[in-house]
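Both complexes below contain chain A, partnered by chain B and then by chain C.
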Partner chain A sequence: MHRPTTGTRYYIPDDGKLKMKNKIYPFYFSAGAVLLYSLFMVLPGLLGFFLSFTDWNRYSSEINFIGFQNFALIFSKKNYWNSIINTVIFTVVTIGLKTLFALILALLLTKGLKRFFNFHRAIIYLPSIIPMIVVGIVFKSILHPSSGVLNEFLRGMGLDFMAQKWLTNPDLALYSVALVDTWKGVGFIMVILIAGILVIPVEYYEAAQIDGANQWDELWNITLPLLMPTLTVTTVLNLLYGLKVFDVVWVLTNGGPGYATETVYTLVFKEFSKGRYGVSTALSTLLFVIMSICGYWLIKMMHSNELEA
Partner chain B sequence: MNSKNMLLKLLGLMMILGMLVTACSTPATTTATEVPAPADTEEPAATEETGFAPGTTLTYIASQNWVLDSEIELAKKFETETGVHVDFQIIPSDQYFNVLETKLEAGGEGIDIFGGQSGKTDIQLQLDVKKNAVPLTDEEWVSRMNPLSVEQISLDGVTYGLTIWDTIGGSWVVVYNKQMFADNGLSVPTTYAEFAAACQTLQDAGINPVYEPFADGWHHVLWFLEMGPVYEAATPGLADALNANKATFAGNPTMTTALTELKEMYDKGYFGEDALSNEFANTEAVMAEGKYAMTVNRFGLPSQINKAYPDVAEDNFGFFVIPLADNQIWNVNPAAPSKFIYSGSKNIEAAKAYFEFLTRPENLQFMLDNEAQFTMLNFEGVNAELTADQQGFIDTYKEQGTVYQTAVNYVNPQWMDVGQTLTAMFTGAVTPEDVLAETDQRRADMAISAGDEAWK
Partner chain C sequence: MKIQKLKSIPANLLAILISAAMFVPVYLLFVNSLKSEVESKAMGAELPNQILLENYRTVIEQGKLGIAFANSMLYASGATILVVIFATTAAFALSRNRSPRNRFLYFFITMGIAMPINYVTLTKVMQATHLINTVWGIMILYAATKIPFGVFLIYAFIESIPREIDEAAIIDGCGPLQLFFTIIFPLLTPAWVTTAILSFLDFWSEFVLPLYFLQSSAKWPMTLAVYNFFGMFESKWNLVSADIVLTVLPVVIVYLLGQRYIISGMTTGAVKG
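Let's look at the complex of A and B:
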C-alpha cells in the first residue's frame, strides 16, 4: 500500500544482479541521522580539509589562504617526517603482533583448550576495557629501569643483560609502546577471530580428516583461507587504529625521549595546543589521505587473496 | 491528504529534533550556580550575608604543584565564611597548558579561575588575558603586591591576575648536601670546571651527583633558561636585541657553552644512570635518603625535606647558583604561577571575593608560615624568617639578573618544547646548536603568527 515518495528503488544483492525494490523506507526516516551526520562529521571534515590550506592560528583573528605552505613545512622538517615514520613503524609492528598473538590465542581457545575457555577468553579480553590512563600508570611503573617489576624480574633470573631502559632508550621506546598496545588490544582482535573461526563449518574439518589431513593441513588449507574475511576486518581495524594512535604514546612517553616516539597525532595535539591550527589540521588531512590510501589498498589486496584462495 | 500527512510527519520530526537539541544543550548551559543547595541548614544564612547564590562553586583549574596545601586550607575557611565552595582541578604539569588551552578554545567549559604563569609574553600569547581574563586593576590588593609581580601580570597598564608566590626566594638554585660535600672534601664551586670536578669526585665515591627529574619534561629546561643572567652578562643588551629580532639564540657562544656542558654532564652520568625516568615528585625522598648529593630546586626544599623526613636536618643543605658557563649571578624570576578569573565565568564576583580573601595579610602570613617551599612572599606586610643558609646565599651572590624565560619574548610559551628538544640532545638525536636554532624557529613562528612588528 505504502509507496515511497522519493529515494532509490534499486539495490544490488549478493548475487550481483540488479533488482527493483518496491518497499523501501521513505527518505525522511533517515533525514535526522543524515542531518546530524552531515553537521557533526561531514562539515567538520570538509572544514578541516579547507583549513589545512590556511594560516589559521590562535594569535590572529584573520585566516588567510596560503596554498600548500603547511604541507611544505611538514615535508621539510625532520620532526614531522620522523613522526610519520614512527606512526608507520608503530602501525606495522602492532598489526603484526596483534594479528599473530590474537590468532594463536583464538586457535588455542577454540581448538586447543577444552575447559574453562570462556574464563580464559574473559581474562585475555580484560585489558581492552581498562582505561588507557590506568594502563599508562601501571606500565610506567612496570617498565621503570631501576625499580620496575620487569627489570627486577629479569635481574632476579640472572638475565641482567636483558634489563633495559624500556621507555627512555630512544632505540627501544617505540617498540615498548607498541608491545604495551599489543597487550591491551590483542583480546579485542582475539574475540573477533574466535567468532570467525566458530562460523567455519565443522564438516570441512571432518572431510579433511577423512582425507588424512593433519592439524597443520587444516590450519593452512581450511582455517586460514576461510578466516581471511575476518582477518581483513581485523587488519583494517588495526591499521586505522595504528595510524591514528595517540593515547598509549601520550600516557607512556609523551612522544619522548626527545622525538623518539612522536607520532602524527601526538604532533597534531601539540601543534594545536601551540595555537598553530593550520599546521595541525594539515597534519590531520595528510594522515586522512594516508589512511584512505592504505585502507583501500589493503582491502583490495586482501580481497584479491581471498578470491585466489 | 498525502501532503497533510507529510506536513504532520515533518512537524513531528522537527519537534523531536527540537527536543534533542534542547536535551543536548541543557547540561552545557547549567552553571554551578544552578546546582541545588545541599540540605544544610547553616549555609543559606551564610550565603544571605555574602550575597552569593546558595551552592555556588568556583571551579579552579591549575597545574600540578601550583595549588598549595595552605591555599586548600584557606579555601575551606573561605567556604565557611561565604558558602562558596572552591573546586580545585589539578592537571599534570606536562599536560596542563594543552588542557587549559583546549578548554579556553572551547568556551571555558565551566572554568571560573584558571592558573597560568605570569610574564608579559605568556599572559599575552599563551593565555590571551585581554580576552580570557577579568581586569583586576581596581582591586585593593593590587597595591600591596610587589611591583615587579604586578608588572609581569599586567598589559597596557591593566592588571589581569593575582600572583602569590615566593618570587625572590623562589629562584631555582643548586641545593647541595653539605655533609656529603664535607665528607668528600668539596667546597662550593664557582666555575663549571670546579662543579664538574665535584661531580666526578662524588661519582667516584659511589654517590649520584645530581638528581635531575627529566621525566616531567619541564625541570631540566631550568639548566638552560635560568642561565639568562650569564648570557646577558656576556653580551649586554642581548635580551633586548632578541626581542627586537636583532639577535638569535643560535650562534650565541655562551648559550652553546652552557648546553655543551649540560650535555657533558649527562654523558658522564652525573645525573645518574636512569635520569630520564626520574620524577620531580621524588625529589624530597631521594635527597632525604642521601641517594643524590645535589638537585636544582628552591630555597624552601630543605624545609620541605625536614617536614617530610624529620630526621633530616634542614641545615644539612646549602645553596649555590647553577654554575654552567661559569655563572655566578643570582637568577631571579619575577614571573610565577598566578591565578586569573575567566572572563566567561558566571561567578566573577565570587572569584573576586576569593582573591580578596586570599590576600588578607593574616591569610598571606598563614600561607608563608605553612609552605615549606616559601621563604618570603611577594606582598607587603608579610614577615619572613630566613635560615642561616638562605641568608648565606643572599650575602654571597650580590648580583642579580632576570631569567630568560621572562626577559625574552616567546620563550616561556615553548618551555615544554625546549624540554623535548633538550632530551633529544641528551639522547644524541640533536646537537646543542640544533637546540638553539629550534628555539629561534619556534620564537619566529610565534612572533609571525602574533603579527609582531619586529618580525615583519
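Let's look at the complex of A and C:
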C-alpha cells in the first residue's frame, strides 16, 4: 500500500469554494458511518455513565438513582475488586511478555536471517488470525495436567517438577492464561516492530560500522532508541487489548478456579447474566473511562505518525 | 561472505525452532482431527494409524455445522460490505472537505479504534432499535465496531489520490455519487481490500457480540457453535479437532491469499516511516 504523501495544501476556503466542496463531498457521505458508530458504540458508552448510578436490574421495571453505591460495592467487595487486580496483572504480564518476545523475534528475523524471512513471519503471525475461542479450546487440551502434551513433553525430558496443574492451580492459572494469550498475540506485535525496524535508515548502521561499532552497540544506540515510538504504540495497543480481555479467560478457566482468573469483562458478563445490570454497567464504565483516556492519546499519536509519514 | 553465512546458521536454527513451536497447536489439531476417539484422547503429536475422514462428516451432521457455517459467512461478508461502503464514503468526504466540523468528525470516529463496548447498555440500544437477536442487528453491530479502523485506514490512503481528478470529473458533469463509485472507489481498491480482509477475519472470530445478542442457537455463528460443541463432546478430541479445523479453514485461506494486505494494514499509523 502506498504511504500517503505529505504536503497536503490547506486552503482557507472562501464562501464559493466551501459551497462547491459541500456539493462535491456532501454530508450524507459520512452520515452512515457517523450514525452507526454513534448509535452502537458511543451511545452505549454514554448511557453507561448514567446507568452506573442506578439500581437498574432485570427484576424491576423501575430504575432508581442510587448515587455511588455501585462503585462503592466494586471497591469494597472482594471478588469485584479482585477482578480489577487480575485484569491489571494480566495486562502488565502480557505487555511484558509480548513486547519482549516480539522484540527478540523481530530482531532475529530482520538482523539474523538472510532468507526465509517471509516464511517465518507468516508462521509466527498465523495464530493472530485464529479465533481466540478456538485457541482456548486447543490449549485446554495441551495444558491438561495428566494427559496434556505440554506435561507429557516435560516428563519425557525428565523435568517432572516442571509439569504443573497449569489451569487448575489458583496461583498459576492467571499466568498460564497470559502465556496462551502471548502465544496468540506475539506475532501481531512482532509484525509492527519489524515494520518499525525496517524504516530505520541503513546509513546510521553504515556510519556506526565505520566508527567500529559492534552489533551490540548498534542495538543499544541505534535500533532501540529509534524504535521507541513504535514500542510506545505497541505498548498502548497491548494495554487496550489486555484491559478488555474476555474470550481467552472465558474458554480456558471461566474465571476460576474460584475467582483466581476473574477479569473485569468476565465479571461484567456474569453479573449481566444474573440480571444485575447496574453493577455490570458500573464496571464497564470504569473500563470505558480508563480506555478512552489511553485511546485518546493513542489516536493522537497515530495521527501524528500518519502526518509525518 | 563465507563467514557471514556461517554466522547466520544459529539464527536460522533458532528461527526454525521458534516457528515450529508456534506451529505445534495447529499441527496437533490437524492430525487429531483424523484419528479415532481412543487415539485422540491425549491430543498427542503421533500420526494417526488410520486416516478417518469421516470425523468431518460426523461433525457436520451432529454439530449442525452447515447452518453455523452459513451464518458466519453471512454475518462476516454482510458486515464487511457495510464497513467498506460506509468507511470509504465517509473517509472520502472527511478527507477531501476538511471543514472544522469534518475534522472533528474524523477524530471522533477514529477514537472508536480504542473504545471498549459497553455490552450491558448496548442491549438497551438493541432492544430500542428492535435489532436484538436479528441477523441485521448482528451485522450492523459488527460493522459499527470496525468502521473507525476502516475510516482511519482509508483516510490515510485518499491523500495519495490527486484532487484534480475530482475537479475534472465534476467539470465533465459527474454528480458526487457517480464521481465516487465510478472513479474514486476503483482507485481506492488497495485500501478497501485491506479493510475488507482485516474486517472479515475479525468478524469471523467474533465471539462476544453473538454471545450477548443472539439467543437462538439457529442463528449462532461458527465460534459459538464450536464452543457449544466442545461443551457437549469434551472427551471426543477427534471430533472437536475436526470441528475446529472447519472453523479455522476459511480464515487461514483468506490469510494465505491476503497476507500482503494484512501486514500493510496492521502497520499503518503504528510506525513512523
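The rule is simple: the second predicted complex is superposed on the first by the 257 of 309 C-alpha atoms of A that agree within 3 Å, B and C clash if a C-alpha of one lies under 4 Å from a C-alpha of the other, contacts with A are read in each partner's own complex, and residues count from 1 in each chain.
Definition applied: a residue touches a chain if its C-beta (ideal position, glycine included) is under 8 Å from a C-beta of that chain, and two chains touch if they have at least 3 such contacts.
Every value quoted in this text rests on a predicted model; they were computed, and no experiment measured them.
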Message: Which partner chains sit in contact with A:F269 here, chain B, chain C, both or neither? Use first/second/both/neither.
response: both
Field: Residues of chain A touched, compared between chain B and chain C (which is higher)
entry: C
Message: In the overlaid three-chain picture, which partner chain does A:F116 touch, first (chain B) or second (chain C), both, or neither?
response: second
- request: Mind working out whether A:T281 is in touch with chain B, chain C, both or neither, as first, second, both or neither?
  value: second
Query: If you stack the two complexes on chain A, which partner ends up touching A:A33: first (chain B), second (chain C), both, or neither?
result: second
Message: For A:M291 in the superposed arrangement: first (chain B), second (chain C), both or neither?
response: second
Message: By the touch definition at the top of the document, which applies to A:A260: first (chain B), second (chain C), both, or neither?
response: first
Message: Going by the contact rule set out at the top, does A:P170 touch chain B (first), chain C (second), both, or neither?
response: first
Message: Using the superposition on chain A as set up above, list the residues of chain A that contact both chain B and chain C.
response: 5, 32, 144, 269, 272
Message: Quick check on the complex: what are the chain A residues that touch chain C?
response: 1-5, 8, 10, 18, 21-27, 29-30, 32-34, 36-37, 39-45, 47-48, 51, 105, 108-109, 112-116, 119-127, 129-135, 137-139, 141-142, 144, 147-149, 152, 183, 187-188, 191-192, 195-196, 199, 229-230, 233-234, 237, 240, 243-244, 246-247, 250-251, 268-269, 272, 277, 280-281, 284-285, 287-288, 291-292, 294-296, 298-299, 302-303, 305-306, 308-309
Field: chain B to chain A touching residues, read off their complex
entry: 6, 9-10, 13, 16-17, 94, 97-98, 101-102, 105, 125, 128, 214, 217, 273-274, 276-277, 413-414, 417, 420-421, 423-430, 445-446, 449-451
Query: Within the complex, which stretch of chain C touches chain A?
result: 4-5, 8, 11-12, 14-16, 18-19, 22-26, 28-29, 41-45, 82, 85-87, 89-90, 92-94, 96-99, 102, 105, 107-122, 124-125, 129, 140-141, 143-145, 147-148, 151-152, 156-160, 166, 170, 176, 179-180, 190-191, 194, 201, 204-205, 207-208, 211-212, 222-223, 226-227, 230, 237, 240, 244, 247-248, 251-252, 254-255, 259, 261-273
- prompt: Of all residues in chain A, which touch chain B in the complex?
  reply: 5, 28, 31-32, 35, 55, 57-60, 144-146, 165, 167-168, 170, 254-260, 269-270, 272-276
